[in-house]
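One structure, pasted below without further comment.
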Amino acid sequence: MSDPRQPLMDPAALNAFLREAFQQVADDFVVEDVKPFEVTVRTPIRTRHLRPGGTVSGPTMFALADVSAYVATLAMIGPKALAVTTNCSMDFMRKPADGVDLVATAKLLKLGRQLSVSHVLIHSVGLLAPVAQATMTYAIPPEPR
Amino acid sequence: MSDPRQPLMDPAALNAFLREAFQQVADDFVVEDVKPFEVTVRTPIRTRHLRPGGTVSGPTMFALADVSAYVATLAMIGPKALAVTTNCSMDFMRKPADGVDLVATAKLLKLGRQLSVSHVLIHSVGLLAPVAQATMTYAIPPEPR
Amino acid sequence: MSDPRQPLMDPAALNAFLREAFQQVADDFVVEDVKPFEVTVRTPIRTRHLRPGGTVSGPTMFALADVSAYVATLAMIGPKALAVTTNCSMDFMRKPADGVDLVATAKLLKLGRQLSVSHVLIHSVGLLAPVAQATMTYAIPPEPR
Amino acid sequence: MSDPRQPLMDPAALNAFLREAFQQVADDFVVEDVKPFEVTVRTPIRTRHLRPGGTVSGPTMFALADVSAYVATLAMIGPKALAVTTNCSMDFMRKPADGVDLVATAKLLKLGRQLSVSHVLIHSVGLLAPVAQATMTYAIPPEPR
């Protein structure tokens, strides 16, 4: 896109915001990179994310897709804790590598006043083929007047 | 459907299977009812499921939709720990009631040899309007010969 | 739902609206029944809807799901030609019966000021098992002031 | 992806296949480019694709997404008319430009023996921001033995 808008928050600002607003789960997500309309977020895999046999759980992948689309939106519009997910579609394509961190790249395809729409690819670190893709829609709360 | 197949597992058998196969998260899901091609599963909401402000988190709702579609499949085909989610689509329609249990009803719309397809409605206990809907596809592992 | 709202349009009014607003395709859709938050719409299958071998095409099923969710919304809010689909997810579960009409039942699960969310089941007339399910989100244009 | 597989069909072969297998609608789709795991398909917009006011209809966009994911799959595995769509999710993000051709780019994210999974972006020719995105799953028929 040739949309000239630039990010309003960098990785440090986004990580600080997540720690403050979602302290229960902030350890699960590290914003690693921010570009215009695109972010990269890592989930450091710990025992609580695993299913028997060592594979990463579905809710762990959903949570990463959800947070990365949220972070992609916030990076462009600034901190608004009230944005909410309205729709998500996910394809689970391959078994994640056992016990390896997951990294999501979320691209904002639409950033309107009321909605953002993203496409997210999730990889196991070190594997070239993605383990999952997701499309996410966020509703953006109206500005207070 | 007039499909004559009947469930092979009842709530007690399904709850025992979840506790054995997914011990880390089995406390989060209680199978309450099983009918042909339909199950009801409850998530007793605890502090770890909440976001700031008291609302239930998105991953908690995803996990409930995922498990209820899995349980609906297993109830009909018997215990197969290896069935995996391949696709999920969710609409988050309303804010769940604060701190109230969630109940999911999953209906199996297709039960083939390779795939099951379900529709899931999630309610906050005590509210008539659903908080979320989901469609889930599970891949069923082939029979060992 | 115990939502007390009642339909503002009956099948005759909805069919007249479709013929006026979408004259190119109105022959493809017949509104057969309207209840609160639920409608039934039929597509009379003609040669142009078929693929080689006689099966009904995917776009024919998509169009029926799309129109039935639109009609379910309009039945409750009155004629607004400008409502637009924002999201659709479909599972194609079985091959439709050759050359047989399709009937869709669309249930409105959410009817807010800005969005409606529906679940649609499509059947081949005479078959008990559904051929497809869809979830549809429509954006409702704001009222002129 | 570093998957070394190369396309088995080029644009001419794919266009010839579409004309033979789907003669009713083959005019609607022109395969313009084929790379490993990626294809570009154009829909030349004609009056029958338009809604009142000049906008391109939803089913036209669905059909383009569906065909482009199918073509992306066939390009890699060769002509198999029996591959069928099992799941589709679409976000309609912007109004297409009036009367302008649509171009879809479909990327194959997974190409297994039984399933292919794609991500599709649709643009109005001349506009940088995409009008729609879709994720498509195709079931691939087993090899005859």
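The first chain written gets the first letter, and so on, giving A, B, C and D; residue counts start at 1 in each chain.
In this section, a residue touches a chain if its C-beta (ideal position, glycine included) is under 8 Å from a C-beta of that chain, and two chains touch if they have at least 3 such contacts.
On a predicted model such as this, the values are computed, not experimentally measured, just so you know.
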{"item": "Farthest chain relative to subunit D (centres taken as mean CA coordinates)", "value": "B"}
{"item": "Selected pair, greater C-beta contact count between B-C and C-D", "value": "C-D"}
{"item": "Computed distance of Cα centres, subunit C from subunit B, in Å", "value": "27"}
{"item": "Interchain centroid distance [CA atoms averaged], subunit C/subunit D, Å", "value": "24"}
{"item": "Set of subunit B residues in contact with two or more other chains", "value": "86-87, 89, 91, 93, 137"}
{"item": "Residues of subunit B that touch subunit D when the two form their complex", "value": "86-87, 89, 114-115, 137"}
{"item": "In the complex with subunit C, residue positions of subunit D that touch it", "value": "21-22, 24-25, 48, 50-52, 57-60, 62-63, 66, 81, 84-93, 95"}
{"item": "Parts of subunit A lying in touch with subunit D, wherever the complex brings them together", "value": "1-3, 89, 91, 93-94, 109-110, 117, 119, 121, 128-130, 133, 135, 137"}
